[in-house]
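Chain lettering (A, B, C, D and E) follows the sequence in which the chains are written, and residue indices restart at 1 in each chain.
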Amino acid sequence: MTNAAQPAAPDERIKEISAFRKALIRPELGGIVGTIAVFTFFGLFAFDSGMFNSQGIMNWSVVSAQFMIIAVGACLLMIAGEFDLSVGSMIGFAGMMIAIFSITYGWPVWLAIIVTFVLCCSIGALNGWIVIRTGLPSFIVTLAFLFILRGFTIFLPQVLERKTIIGGVSDAAEGDWLAPIFGGKILKGLFTWLGDAGVIATFDRGTNAGQPVVDGIPMLIVWALGLIVFGHVLLTKTRFGNWLFAAGGDAEAARYSGVPVNRVKILMFMFTAFCATVFAVCQVMEFGSAGADRGLLKEFEAIIAVVIGGALLTGGYGSVIGAALGALIFGVVQQGLFFAGVESSLFRVFLGVILLGAVILNTYIRRIITGER
Amino acid sequence: MTNAAQPAAPDERIKEISAFRKALIRPELGGIVGTIAVFTFFGLFAFDSGMFNSQGIMNWSVVSAQFMIIAVGACLLMIAGEFDLSVGSMIGFAGMMIAIFSITYGWPVWLAIIVTFVLCCSIGALNGWIVIRTGLPSFIVTLAFLFILRGFTIFLPQVLERKTIIGGVSDAAEGDWLAPIFGGKILKGLFTWLGDAGVIATFDRGTNAGQPVVDGIPMLIVWALGLIVFGHVLLTKTRFGNWLFAAGGDAEAARYSGVPVNRVKILMFMFTAFCATVFAVCQVMEFGSAGADRGLLKEFEAIIAVVIGGALLTGGYGSVIGAALGALIFGVVQQGLFFAGVESSLFRVFLGVILLGAVILNTYIRRIITGER
Amino acid sequence: EGEKYVLVSHAPDSDSWWNTIKNSIALAGEQMDVEVEYRNPPTGDIADMARIIEQVAASGPDGIITTLADFDVLSGPIRSAVDSGVDVIIMNTGSAEQARELGALMYVGQPEYDAGFAAGQRAKDDGITSFLCVNHAIQQPTLVQRCQGFADGLGVELGNQMLDSGTDPAEIKNRVMAYLSANPDTDAILTLGPLSADPTLLALDENGMAGDIYFGTFDLGEEIVKGITSGVIEWGIDQQPFLQAYLPVVILTNYHRYGVLPGNNINSGPGFITADNLGKIEEFAGEYR
Amino acid sequence: MTRDGTFHHGDPAAGKTPIIEMRNIEKHFGSVIALAGVSFDVRPGECHCLLGDNGAGKSTFIKVMSGVHKPTAGEIRFEGKPMHFEDPRDAISAGIATVHQHLAMIPLMSVSRNFFMGNEPERKVAGIRFFDKKRADAVTMEEMRKMGINLRGPDQAVGTLSGGERQTVAIARAVHFGAKILILDEPTSALGVRQTSNVLATIDRVRKQGIGVVFISHNVRHALAVGDRFTVLNRGKTLGTAERGGITPEELQDLMAGGQELALLEGSLGGTV
Amino acid sequence: MTRDGTFHHGDPAAGKTPIIEMRNIEKHFGSVIALAGVSFDVRPGECHCLLGDNGAGKSTFIKVMSGVHKPTAGEIRFEGKPMHFEDPRDAISAGIATVHQHLAMIPLMSVSRNFFMGNEPERKVAGIRFFDKKRADAVTMEEMRKMGINLRGPDQAVGTLSGGERQTVAIARAVHFGAKILILDEPTSALGVRQTSNVLATIDRVRKQGIGVVFISHNVRHALAVGDRFTVLNRGKTLGTAERGGITPEELQDLMAGGQELALLEGSLGGTV
């Protein structure tokens, strides 16, 4: 028998779903709805607070871009079925290493940056290797690294420089070829022109009087967009992306099917470390200093953004675009609360409530649309 | 056919395991080995640092007892398949509520304590209810409550008293019938006698001159032991304990077998909140004040203790005794590092390394003994 | 010779200001030839600090130098340390009266609320009526006391003029900018240490309010010193942490070796640092100043 | 293949009133219509087989019966009275014991804890009720021995049993507690020859005690060996119920396959798969 | 029950050299001896059935063959040369495709992503290799149609398929990629009549292409319908290999049950379960 094929018949047991509803069934959906909701909300309640003038937009864009950078890494790692609590400590550690290399040891900044990237990705790989070899949950392993890396970030500058903030990186980075890729701004000409043309406001007092209030797009935002595009293409358009879903969906099944699960997971731990390092380098280049307390709690913010963006904490499901929208929501909410003038000590309460609301909304929308319930 | 029974034959496919090795196959094992290791280590390296005189013993005992109180709650919850990141914030919140009720509102302390217990257990139940109803991972839900509760802990005293520390609870608790159950000490007579007999050192100046340096067992330790016994009996000797394992092992299967999984989980969230409140009340009664910074990061310490104690992060496996030993290890290590004079900024590095070491050791010992590998 | 002194603070280990303390206590230890140690609760939880004091007392040092961030919490452990024969000096937070009550030898430092109050009065004299207090560790009582003191010194309600900024510099910067654009009629900014001051400087730079808005800060750091030099920062409140750590070690050593003890408490601050009285500060900011 | 067994098949069940009666049960999952009106009943002392192709809705149907799912429409009458099961606990206490197709056991728990899960025996000590572990262990060992499985001990974790052994534990548990109705969802699909014949014998033994058994299978031979009545589901609808002796294996198999043409192999399998 | 099918059963396999030869394979899990010296080989174009009771070690044995487990002792020769599989990838690239008993598919992923998991087709755009989704979708739909399953679309998540449909996807995948040896671990146990006959027909078709098939089953009838040789495992040891025609169903069944007495029901089942 060579042909058991039967003609495809329409299934009478499936109720009709409209094409529109079908198009909505995607992990990003909650993120999209949330984004619309958040902008509507703040558009109504904080419109004239300066939140939507050029400076205000830049304000929440930068904060969101920060979240996006770490959310992309956390998202891919979470889809691959693991997570990393050491992201925040890694940010502090990476920043400190750059400062130590370039200031204490006097290396050229580009060398400091490159060595730091190599170092941090190696630590990420070590994280992954321990998780793979011992079979321990990544929660525990990366929690240990949360402590270890933070410890070194406090200890090293203390021993080497007798301070916990190392400054002067801005001066050292003057004229460096690599530093502007992290700390510079692009499209400065355009913004000056826009300012002259009156499209965006200019400063009317202080040292910068006459210059446009926003004088360029920080590289931070460029990095965020770049990483999102990279992550999205990697996840949805390549063989490796399929391996990510498989490793997170069911590592055993994937392994039996020939997916190199261990390699995939270790690479993702490295990528998360890479994203954290990008974050750290951008920060150090912008602020010119590294401190022992940088990046505190960032691991949670990354996970929150990813979950708001519709990924499953248990792995195997999610999208980079969703995570990016989650980061946007998180950033806009955070800054928006200040624009809206919310009592500052209530800030955390709002944050918690909105986080919970976003995730619940997300889940319900998905259920309603997929008809799960 | 009424009888298909066959005589039980020894299985030729099982290699012999010695009875001794069999007795070792229990979740507590890692904890027991770890405890021995830790005491050996500090016995060798910090023996003459005062760590093992009466005052030193009391010091790490109290710290360990603190960990134990929250570890018991976290352990049972983890076995039931969930976890609670809001424990630390709950500690801060509970303490603050007691202070607010008794100082700001001037209620009698016993009433403040009882109302706080009711309030906190309700919040625990709310946590659980949201997890059950939405099907969201408890990680996310309790993370939201981490923010919300901490926010209220900062906001309320700020609004009511214009400070973030509310003191004077000790004075208010004078003569109260309930307060000594949390803040008092027992066996004072015994210790006075021991002091007089020269077994333990006495103060040599000040108002307490002549009295023993350790004048009783704090109720904190009594609570810790009580909760451990309660948790252990509940888990291993009752029907409810079986439901806990079942709910954490496979909630669907348990539900199909008639286990009221939702009720079990919500009760465990409440019990975790109860333990956090015990912790907070003991702290407030001992120190006489509540602050907005109390309990920071305690949720991690609880989880760490439980995992060191051999429980599975994914639920369905673990033991209260193990968690208690984990708490003991954690407390002894933390205080022992101080006694051993470890550089303070390296403290976290050691903590991370020891955590990782303990968990890996734990896993390997289990594997070697059960012959899994 | 070889006496052992332990300094216990209430600061979380991320707080960079305490660095000066660590450096100066180390220096004092070296100069006096005594053993010194620095201890702090990693998260800044004062209840944990109480355990640390108990632990230090159990390890039997010759003296303890400690802050008194919360009298209720710390009085018990400090008192039993004193009673078991350890000499104690209170530094930084607390007050002379409290030190006496606990049986400590003396008090070296600057009470936080009072310092904030003095700064508030100074600002009031400069015609300030509204302000923004950038608090990078809102759960820490001592920092809230500074804001509260400042508000009381000005004679206004603190209300929501205190900003929970978090510790991430980009977030601090952007929150300050957000607050200022939402409340453009803010007269003054108060930051509570280098952690919040540095990003605030950048924020003001970026929104052009640098030099325009009245800017005062607690404690010193490299960037703060630069800010004072360039006139962006009006004044910095210096409590001279160096002295708070250095003097107690010296005093304790001499007390133990020769039985000498100053008869009075020592106020290491507050001193207002302005562009006029910089000098050496620039050189050692963040290290010994 | 023998069509009539060596058993005494109880009284012809027709005369008795059903323990449970399900009328026009419908169940929709979002846009999927899993059951489109199924009627079914079980009488005391009979083995009622539920047959059907993959995805026909058999598991969904018995989940409705055991309180896991609430029906979208339709009526359940238990011993003549209308009944609403809010959750599996209700169904269990009404006397319906179920062995589900997949979710039978919790691997990390010991055999005896699994065996008594949800039905733990208790013992009062000083007024407090404790889990009676000794009794649980003894009963478990005994019941497992009856099913022909020798455990290393009652503390052995279920995760260390082979799939077939697990299935056997689940069946033994349901039989032990099964009060009025015992539902078995493809109990034999993972079983070897010996265990299968054990399970079929158990079904027979249970039925003789006056309990109604619902037996789901893909295997026509297994069904015919013990079944008194046969209901065939196809794509969420019932194709009717046949009495024992009123249908040939070939007819039954045709019904199960939904009347569609089977692959050519059929001949070599002698009619029944 | 017919003992000889309508198929042409290929050449008698005896003449050809085996593709894979396993000699005295042992596998211990800690204190459990799962395999105590099993020898087995597969020749091109034959279907070699592996039979045995629950826990006999069938799955463990084929996991050794497919690189999941490393044997504790014993030798594997692949096409005459000694071979060590470090992980399943090695076995797959050597040409061994396996459908495991439980871990077949990832529920959250779409059918077409599952189908090509580990073997994704690629397409170069500007020097970068992308996942060729269009081709993957087309191939998946086509292969599933051949197996008689109509998908709603290639993007449908595997989790929304019924158990039998999932099994079919797994088999279709293995067949599509199966280069030299195709291993099927109890592929039919969860399947209905129609799907079962489809799978058996597929085994036959694959065998005719010169591929060696290892077919594990509890069902003697399924095994006899397509098998060329039959190896029976019992408690980790092999009871020997029989050629097609050299053994009766009853003998085979007795061997599988390990010669122990079956429950009394046996008679009513006509000898084979």
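Basically, a residue touches a chain if its C-beta (ideal position, glycine included) is under 8 Å from a C-beta of that chain, and two chains touch if they have at least 3 such contacts.
Being a predicted model, the structure only gives us computed values, none of them experimental.
Contact tally for B-D versus B-C: the pair with more C-beta pairs in contact is B-C. A centroid comparison over C-alpha atoms places C as the chain most distant from chain E.
Centre-to-centre separation of chain B and chain D, using mean CA positions: 44 Å. Measuring from the averaged C-alpha position of chain A to that of chain B gives a distance of 34 Å.
Inter-chain spacing, taken between the CA centroids of chain A and chain C, is 34 Å.
Under the contact definition stated at the top, the residues of chain B that touch 2 or more other chains are 1, 4, 6, 14, 150, 154, 158, 345, 347-348.
Along chain E, residues 32, 148, 198, 201, 204, 260, 263-265 each make contact with two or more other chains.
Shown for chain C are the residues that touch two or more other chains, namely 13, 138, 164. Taken together, the chain D residues at the contact with chain E in this complex read 1-2, 4-7, 32, 52-56, 101-102, 148, 160-165, 186, 189-198, 200-201, 204, 218-222, 225-226, 253, 256-258, 260, 262-270, 272-273. Listing the residues of chain A that touch chain B in their complex gives 130, 134-137, 139-141, 143-152, 154-155, 158, 300, 303-304, 307, 313-314, 343, 345-353, 355-356, 359-360, 363. For chain B in complex with chain D, the touching residues are 1-6, 8-9, 11, 14, 237-239, 241-243, 245-246, 249-250, 252-260, 312, 316-317. Considering their complex, residues 66, 68, 87-89, 92-93, 98, 100, 103-109, 113, 116-120, 122, 129-131, 133, 145-148, 150, 152, 198, 201-202, 204-205 of chain D touch chain B. Remark: chain A residues 46, 49-51, 53, 55-56, 59-60, 62-63, 66, 154, 158, 162-165, 167-168, 203-209, 211, 213, 283, 286-287, 289, 291-298, 334-335, 338-345, 347-348 touch chain C in the complex.
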